[in-house]
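Take this structure, written in structure tokens, and hold onto it; I'll ask about it next.
Order as written gives the chain letters A, B, C and D; numbering starts at 1 within each chain.
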Amino acid sequence: MSVDTVIAGGTLVTASGTREGALAIDGGEIVGVGDEAALPDADERVDATDRLVMPGVVDPHVHIGDHVSIDSYETATRAAALGGVTTVVDFAWQAYAGAESPWDEPAPLLDGVEEKRANAAEALVDFGLHGGILREDDDLFAELEDVVEAGVTSFKMYTAYDYGLSHGFMERVFERLAEHGAVGLVHSEDDSVCEARTERLRAAGRDEPEAYPESRPDYAEAMAAEDAVRLAREAGAKYYGIHTTARASAEVMERFREDGSRVRAETCVHYATLDDSVYAELGTLPKIAPPIRAPDDVEAMFEYLRRGVLSVVSTDHVAAARADKEDRPWWEGPFGANGVQRSLPVFHDEAVNERSFSYPFLVRVMCANPAETFGMPEKGTLDPGTDADVVVFDPDATHTVTAEENASKADYSIYEGREVAGRVRKTFVRGELVADDGDVVAEPGHGEFLEREIPEWGT
Amino acid sequence: MSVDTVIAGGTLVTASGTREGALAIDGGEIVGVGDEAALPDADERVDATDRLVMPGVVDPHVHIGDHVSIDSYETATRAAALGGVTTVVDFAWQAYAGAESPWDEPAPLLDGVEEKRANAAEALVDFGLHGGILREDDDLFAELEDVVEAGVTSFKMYTAYDYGLSHGFMERVFERLAEHGAVGLVHSEDDSVCEARTERLRAAGRDEPEAYPESRPDYAEAMAAEDAVRLAREAGAKYYGIHTTARASAEVMERFREDGSRVRAETCVHYATLDDSVYAELGTLPKIAPPIRAPDDVEAMFEYLRRGVLSVVSTDHVAAARADKEDRPWWEGPFGANGVQRSLPVFHDEAVNERSFSYPFLVRVMCANPAETFGMPEKGTLDPGTDADVVVFDPDATHTVTAEENASKADYSIYEGREVAGRVRKTFVRGELVADDGDVVAEPGHGEFLEREIPEWGT
Amino acid sequence: MSVDTVIAGGTLVTASGTREGALAIDGGEIVGVGDEAALPDADERVDATDRLVMPGVVDPHVHIGDHVSIDSYETATRAAALGGVTTVVDFAWQAYAGAESPWDEPAPLLDGVEEKRANAAEALVDFGLHGGILREDDDLFAELEDVVEAGVTSFKMYTAYDYGLSHGFMERVFERLAEHGAVGLVHSEDDSVCEARTERLRAAGRDEPEAYPESRPDYAEAMAAEDAVRLAREAGAKYYGIHTTARASAEVMERFREDGSRVRAETCVHYATLDDSVYAELGTLPKIAPPIRAPDDVEAMFEYLRRGVLSVVSTDHVAAARADKEDRPWWEGPFGANGVQRSLPVFHDEAVNERSFSYPFLVRVMCANPAETFGMPEKGTLDPGTDADVVVFDPDATHTVTAEENASKADYSIYEGREVAGRVRKTFVRGELVADDGDVVAEPGHGEFLEREIPEWGT
Amino acid sequence: MSVDTVIAGGTLVTASGTREGALAIDGGEIVGVGDEAALPDADERVDATDRLVMPGVVDPHVHIGDHVSIDSYETATRAAALGGVTTVVDFAWQAYAGAESPWDEPAPLLDGVEEKRANAAEALVDFGLHGGILREDDDLFAELEDVVEAGVTSFKMYTAYDYGLSHGFMERVFERLAEHGAVGLVHSEDDSVCEARTERLRAAGRDEPEAYPESRPDYAEAMAAEDAVRLAREAGAKYYGIHTTARASAEVMERFREDGSRVRAETCVHYATLDDSVYAELGTLPKIAPPIRAPDDVEAMFEYLRRGVLSVVSTDHVAAARADKEDRPWWEGPFGANGVQRSLPVFHDEAVNERSFSYPFLVRVMCANPAETFGMPEKGTLDPGTDADVVVFDPDATHTVTAEENASKADYSIYEGREVAGRVRKTFVRGELVADDGDVVAEPGHGEFLEREIPEWGT
């Protein structure tokens, strides 16, 4: 047998260890792992000498397009490819009607799935979709099974914004999710507290960006998280706590976590690598919700990652234009920060280089755990038989982040000027080289939609 | 390239998943994992159709010979081989002088290491050694670095028996272990409580075997465990809680565990698969210390395994003769039960078949975690580059345990008559087939001593 | 000196003990406690032989009149006097405008205080007022200091009903309460969950009274309590958890309680003496919010009272007419149950007779603690210098509760038919006998408004 | 009626409040409390204008004479009287034979009771006795009921020193105490850890007094406390944790405390008012066991007193001569510090003046709680019918502690030079003035033995 590609000479990193070894890739899959001598000849031999060979990053929390992001699928997934991210999970939305809504009228969630899949025609990396529930409408329950069967096995709700759901409806959703084994995600910030504090800060003329975190305090996050996870527990549903930012909310997750078979949680790269001094430095650019917190909260993210209460690190990637962010009071600008191009090098630098976490830890929280948590057994691993989503990573090369290099339409970076050790050299998606040393080398459209399974947690 | 062996046609089970695939083995190592087509030709092709192909079991708590067991290395490791156990960690003892001591005079621990390695010449499977500290003697501290460098990177102490150590000395040991990064293990039962209760039961004529568990209650275990783990924490040493039997002591482990970088713990197969009704059924045969507990404690073992507080399942294998156990009051007979031949099928049956735990869970608690916990990166995994310690397991074949089949010199089994689904078909140690469908097929002496590394926990 | 009254021959019960002794009363105050021989002569000697002499009950959670109760001050306080309750804390409301509002237009809270004081002209027992905040209006903050100075030092908010407040406004209230040292009380049930569940039960035709508790589950109570107490903690305000009904919410209170200097909580007599089988027995009559819970929750009330997490037992007395409660689906009838006439005998019977709690415990949770918690140092004790609010209680007399004996306008009792041992013989309010063996013997108007102090908790 | 004494014009302080009022005392009892006008004429009127009138202090942990203290009953109780302490609970010991024993041969505990009562003939204040169990001898169980009936209803054991008991025997004692409802007290320090650390410090030449606390670390205390309280819980016995010194052991008490019906604990004045800088300042004089701890532990004592986990403040009074303490390495000198003359002014100053605790708090932890905890209903309160043990306290007078004023034979004070606000003006024991403004004014022998009751906790 001869295979398409062999990546050899490097160090393989998996969730359980690091070892010398080579990968044989054929037909888009990893068909062999081992000594190069034991693997077949290949059309293409990739030399990974002095490099780490890792599973591609699986980022389960990415926003592309829609009402929240200016990226197209092409721009966002170019950024992903450059960042070593080979799978993103984006959101398919229910259309809703409302003053701030980009839709004219409500539509089923399945329409959202189809629309998003159509929008994603130019994707460079693979993508899954969470279902985004933006309306309190019983029609959802009628289509839920179809949505799950379409491979959308996790569902996001909000407690805030004009599409926030009530607890009563949320409980009903959790009950249905429990029936299907699907996962519930909740953007959890107490809307009322955040709105009232924003008003008070505005009324007080506190328009300096440093005031922004006070408008969405950690306890508002903890309150909403606690309510949501309790509802999920009562309903018997799986719960995934998204964008945990603070010790206060990590404690909530720990209290409800038990054995991880029902409750899991993520943090995002920026909550683990930036503290709230960023608002003095960068102004409104890092306006995200929940906000970036105090230094003690940054440390808490690593503590709870080590304990396993937090088991995934994502980006919550959202693209906005600098011009929309700046030169206006913080309450007028859009939320979100682009991160998918920088998550691996930045988090690697903080976790591995600064805090001595291991490479297998890195693979667990950025590749294996998100894949396993969201029903993608073919992703996040170097096991033979799985998709050949592979990153060749140079742990020693240093690089300074600049927005100039952004593939995303977002023309700024919250990591601007940060020098990090560790650089993505090559990114393969199902065996095809999509990014090569800072250049995107594949054609748009290589990325495929992932029909995700119902995950089994804690067995 | 042509390799020694390919195991193909089966389902590979690792700590992170189960997938179809084949293994290529050469020179005693796994050199390739993947599609059979992508692997080299082999001198020997093992057909694993309808079989699971797993890492060999790593049993980190096994007693062979010495003052505690009638097995020779050959008999014990024949049992291991038949049971799919490819690595055992036994104990090298400091000789001590005393009324109940088998030694005439004290000797260094290094002597114990050498003696045990000599005794193990007939081993069929690989073995490591914990250092057993039986005397309060400062000479230990002088030789400790040498012992660690000899690959003995974990040390056991007792709180009971005539070689039990005082807390004051134990603290000093933990301080030295902390300097080296070595692991402390403590057989933790409050000796005074156990002795006094035994005396009281004897005085009351309570010689029925059912009385035995009352002589060593769960709180005596929890007390001693709590003292030991607290001392280890104060000293900054790694602590591994051995043979956790009860909810009370699992709670202690959970309280001190934090993020697992300092405190870990095991249970044993029998504590998770038998309850104290066994004393009415089998009399004194299951006399082990700590005793087998109440049904709620059995459930607690699985709860805490799922939570990760308990992360390893071992056997505490000890061989005794039925004649020494029976026909005498329980306080006169020897402690211990042989288990290494039955641990995989019995625990598999209870965990996977009865309680729906996954195969990767099985591999984690019986293979990967013990190997990682005790510094054996070449064991407990199917990763290329590691030792080709492999079990071909038939998950469906049923089998009834009988002592007649014992390879151990122990002529009884606490699982006698238990019908289990799941059977070890083939056991490979470093690529060599050592057991084949119930027969030992390798020559004694194949097993090698493992120089274990200092483990890094929690990174 | 000669005094008005001596109560002699009985056993004095205080928060700290029970002893033989007599009370001397003059000018409405207790002027002496001791051996009868050491006390002055009296115009009236009350013989308390074989009786307990206790402080009058202080019920800090009573609703009289307004939009919630059909009682007048006269009828409610007649019931109180007969029940040994010598102080009630009722509510003064902010008027608000709304579909379900009894007011035509909004009005200041101080108006509510004045109006309630006027309505209370016929009171037989003393009364204080909590301020009830029903609107989100900054005018409140302007008048808050005046309200506190008027002796209204605690404030109630709702999370449910059409006058429920948002978390954002609630936080602002807590901040102001913290400035004044005043106490916040929150009726805490997640409104959305309760409303949605009610709708679902209605839609499913579940109109049997047994379905009622499902409409307002324990976790809805725990969620809202957790949010409220967290907001209070962040604001630095004192928080008093009202009508705790369930283990789930008692656990929340325990978690936030710390040393009791910021967080305290009550349960009500019915949550500790009735379980949800009452809905099958009595239909919609016991429709109260939160509902009466499961038997385990009843036990939890006593557990948490013993631990001190719950430190007060109140009634949440509300009077409704049987006709308004019955013969309609449970969702249409009014909330509430009258209890102030029965709280002492019923709770005494369950706590002291059935569960062996002590009389001092009874005095603590029904007299001393509520008085101390709400800034009434002259109440809830037999200390000389305090108000002569005294109950002569016959611990052995048995009595069967019947609604026929109700002094309240409510013409039913949720304790109907319950035989209890323990009967109020005499009730004195500031030295005047107001109830004598089942008859009210004082004139309406004896009761006075209490200007309560800012309480100091936990010193 | 005319009474012996009236104390009038002052402020009465009880466990529940402070109020103006007077006390009438006759025949050694309080016969009336109230307005002076409502009380009888008296042979003696004590003017307490500007003074606090409090119950006498009940110190449940005092050592007089025996093998541990150089005080006679006269000197110790003169100190007590001067300090406002009207009741002490001392220890009656089992004699045991041993190298360090002051006894020649073993003797029953009842002999110890009789001997101590004889020794106490010159007592000025009342005294109770804990039974001190120093031997593992079944004869104890035979006499236990008699000892309890003699009014010795609590029993102390040691985990350290040459009379330390084994856990096995301790468990048997707890079982018997549970049968009688009696209380177990354990001096809990892990003997082995303390001995080994002492040896190591000695071997290292660490003879400076500052090294002393390292010889008996907080975790040694926590370990032993945890073992003891667990054994008590298993046996169903009441447990009173003595001389809690550290956050680590207070946490243990909290974990086992539950509702206070089985587990209670004290700290001592010095652990709440001194930190370990005292060893640099005073050398070996403050050598006590357990040692005085770090500043954070001092704060922890107040935190846990406020939470109620610690509910009593005692002195552990022991008298030693300065000459025996000084001019020798710390390991050679005697343990203990005298404190009974200074406990009220020193703790008052730290708790009330420095930390704003209330006077009722002071009365609870120093008077009411110890009396209630140890079965002395006639002590620790100003309730009529109880013993007229009264302190007239001047809260404003300042005083500087000097050993020159010691009534104890101990000729030093660990509080030497401390200026405190608050001074004992008069001390009455059962109506008799025993100390008057720094002078003892009663004759030795006024103090009586207290036959204590079996206490009921948590009702």
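Couple of notes before you dig in:
Simple rule for what comes next: a contact is a pair of C-beta atoms (placed from the backbone, for glycine too) under 8 Å apart; a residue touches a chain by one contact, two chains touch by 3 or more.
Quantities reported herein were computed from a predicted structural model and do not represent experimental measurements.
Of all chains, the one whose mean C-alpha position sits at the greatest distance from that of chain D is A. A straight line joining the Cα centres of chain A and chain B is 40 Å long.
For the pair chain A and chain C, the distance between C-alpha centroids works out to 51 Å. Separating the CA-averaged centres of chain A and chain D is a span of 61 Å. Contact of a single residue of chain C with at least two other chains is seen at no position. Taken together, the touching pairs link the chains into one ring where each has two partners. Chain pairs that touch one another: A-B, A-C, B-D, C-D. Contact residues on chain A toward chain C in their complex (touch as defined above): 166-169, 171-172, 190, 192-197, 200, 217, 219, 222-223, 226-227, 230-231, 234. Chain C meets chain D in the complex at residues 1, 3, 12, 14-17, 19-21, 24, 26, 30-35, 37-40, 258-261, 303, 306-308, 356-358, 361, 368, 372, 377, 381, 383-386, 456, 458-459.
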